[in-house]
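Both complexes below contain chain A, partnered by chain B and then by chain C.
Right, the complex of A and B next:
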């Protein structure tokens, strides 16, 4: 019970702190600007315009929430150490893993707030252009949040042992590669490679998250049905992968000399 | 615990591996494999509506290998969580044990 209380207090403070940061406001304004601009594509046929608006808004929400999660997580823990505000917290009966999880959940809360605002703008635009709101956006958005959650956890992982800019850059690289990871498999398993390269490629392939599987934009744009089993397995995959990365971050942070 | 030299070496290694694998080699490989596949493949039978079936989009939830990758990674991640939780619990138990 105490554990939950400790985590929730740290998460609450981190969430408020994150929502006050300038970078959060700038990225939110950028995303809302992109969502608003998507309605100006009046040169297309009405049906095509709706598809483009849906696609563009989903991409804006995915990119903004991902970058917010990466930016806030890459600097959160390091800033606490640099400003020495971490010491009074750890002097209390709060373990280090509780601190890491609390910081992470707080940041995720900020991302969720941002995503809800963007989603409200998206729904309003759909209502204006289409005359109705596609119910599938409520199915797609949790998966975009899961994608941001994985990116945030990876960023948190890097921030436990490197500087904020480095953590940010490395997570962005992983973000780019993990979005076309499945296409790499045939290349990595090519028989022309030597055994060591194939083994290294296999390890990398298994370690990287597969962010492609959280992309249901096509289903939203073209009105396709995704099997329920696949949706459930993808959700479980996202949650377990996030917990795994957070566990490793906590283990590293627990052994770190502060 | 980690010096700046460790971090720099790790970063250079990670970035060079990632860039060489994704950025440089991938387009060449894709182009080569596509042209080889096209050269060796038999004539394409068109769909009843006259479309080329190779142009049909396959979504990721329709690929069987995609789901099996997810399952393997989920199982691996779960095993790591269990291992870390068990090792943490064992360490705490050792620390709480009273010395004679």
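Right, the complex of A and C next:
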């Protein structure tokens, strides 16, 4: 019970702090601008226009929430250590892992707030352009959030042993690689590579998050059917991967001298 | 110095605590703390003294688990410092108050209540009381960004007190407080002591330490150079100060004082102040009465904690 209380109070403060940050406001404005701009594409046929609006909005939400998650997580823990606000917290019977998880969940809370605002704007745009909203579209939101959660966890992992800019950069690189994981697999398994390289490639392949498996979002947005089993397995993969990364981050942070 | 006897039931036990830091760009180590051994019994105020860089904050950081000792162990209420629950009964006030500035005083103290294992409701009730205790109740809705350094220090104290800790670790708590605030802090420490709390107090303000501490430990260059009651640490001086009034300088009196191993200094009022061994007091008074001046005051001399501190760390 105390563990949950500790995590929730750290998460609550982190969430408020995140929502007050300038970078959050800037990225939100950018996403809302993109969503608003998508309505200006009225030159196209009605069906094409709806498709473009839907694609543009979902990309804007995905990118903004991902970058918010990466940015806030890459600096969150380091900032607490540098500003020494971590001292009064860890002087209480609070474990380091509780602090890491609390900070992470708080950031995820900020991302969720941003995502809810963007989804509301998206829904308003759809209502204006389409005259009605297909509720199935909102099924995509948990998966967008899960994708942001994975990126946030990776970013926090790097932030436990590197500077915020480096953690941010490395997570962006991983984000790019993780979206083309299948291509990476084909390259690493090429017969021209020796056994050691192929083994190292296999380890790297397994360690990197597989964001390609979230590509069904487009199908959801456009009202296409995605097998329930696939949706569940993707959700489980995302949650398990995030938990693993958080565990490693907590173990590293527990050994850190503050 | 003899090693203090460790009491396993003490609130705080430190045994052979050592911390080395690597010196950047050199293959050398800096000894921040060297084989520190001491114990603090429950219900005491323990003053932890030392010049800057002596290892006081390093010790506190190790006790609270912020950094790991290179060697040695420490226990808080019998629980090893590596156990997070060892801090269950501990309240900590850092030298500089570090809190998110956007929170109000009440929100900060309440959050620390929950982190001290209180329920949300209990934390809300106790937060008001803790802020009252440090005279900050009227500012409870003020964001920390709007509070002065002294007020923020009080928030830190309230945050430490909300969990009703048995051991308070205070790192320079009076820094940032004005004289009134310091007096209030002294009174609060005495009040907490009467409630049976143990206080581990690191401070540079030696006069304050002398008046409130039951035990003191003096740290110099990472080593404990003295530990005990303030009265045991200060050296007894078998000396008296005799202040006199003279129309002109008297060589006879000066010669006698020098022969007795004493010295003459000027008092703040400009009159001569003769420091002589207590055994020579009668002879000196006889001499003064023979026309070598007019007696103004006789004061027994004792070493202050500050004198003892300077002697020990020099």
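We adopt the following convention: the second predicted complex is superposed on the first by the 254 of 258 C-alpha atoms of A that agree within 3 Å, B and C clash if a C-alpha of one lies under 4 Å from a C-alpha of the other, contacts with A are read in each partner's own complex, and residues count from 1 in each chain.
To be clear about the criterion, contacts are C-beta pairs under 8 Å (C-beta built on N, C-alpha and C of every residue); 3 or more make two chains touch, one makes a residue touch a chain.
Given the structure is predicted, the values throughout are model-derived calculations rather than measurements.
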Superposition on chain A - do chain B and chain C clash or fit: fit
First (chain B), second (chain C), both or neither touched by A:212: first
First, second, both or neither for A:177, with chain B first and chain C second: first
Contacts of A:199 with chain B and chain C, given as first, second, both or neither: neither
First, second, both or neither for A:248, with chain B first and chain C second: first
First (chain B), second (chain C), both or neither touched by A:224: first
First (chain B), second (chain C), both or neither touched by A:6: second
Which of chain B and chain C A:20 touches, first, second, both or neither: second
Degrees between the directions from chain A toward chain B and toward chain C, using C-alpha centres, nearest 10: 110
Chain touching more of chain A, residue-wise (chain B, chain C): B
Touching partner for A:257 - first (chain B), second (chain C), both, neither: both
Nearest Cα pair across chain B and chain C, whole Å: 7
Common interface positions of chain A, toward chain B and toward chain C: 257
Residue ranges of chain A touching chain C (in the complex, touch as defined): 2, 5-6, 8-10, 12-13, 16-17, 20, 83-95, 257-258
Contact set on chain B toward chain A in their complex: 1-2, 7, 11, 14-15, 17-18, 21-22, 25-26, 29-30, 33, 57, 59-61, 63, 65-67, 69-74, 76-78, 80-81, 84-85, 88
Chain B partner contacts - residues on chain A that touch it in the complex: 97, 161-163, 166, 170, 173-174, 176-177, 180, 182-188, 190, 200-201, 204, 206, 209-210, 212-213, 215, 218-219, 224, 226-227, 230, 233-234, 236-237, 240-241, 243-244, 247-248, 250-251, 254-257
Complex contact set, residues of chain C against chain A: 61, 64-68, 84-88, 90, 92, 94, 96, 98-100, 102-103, 111-112, 114-117, 119-120, 156, 159, 163, 169
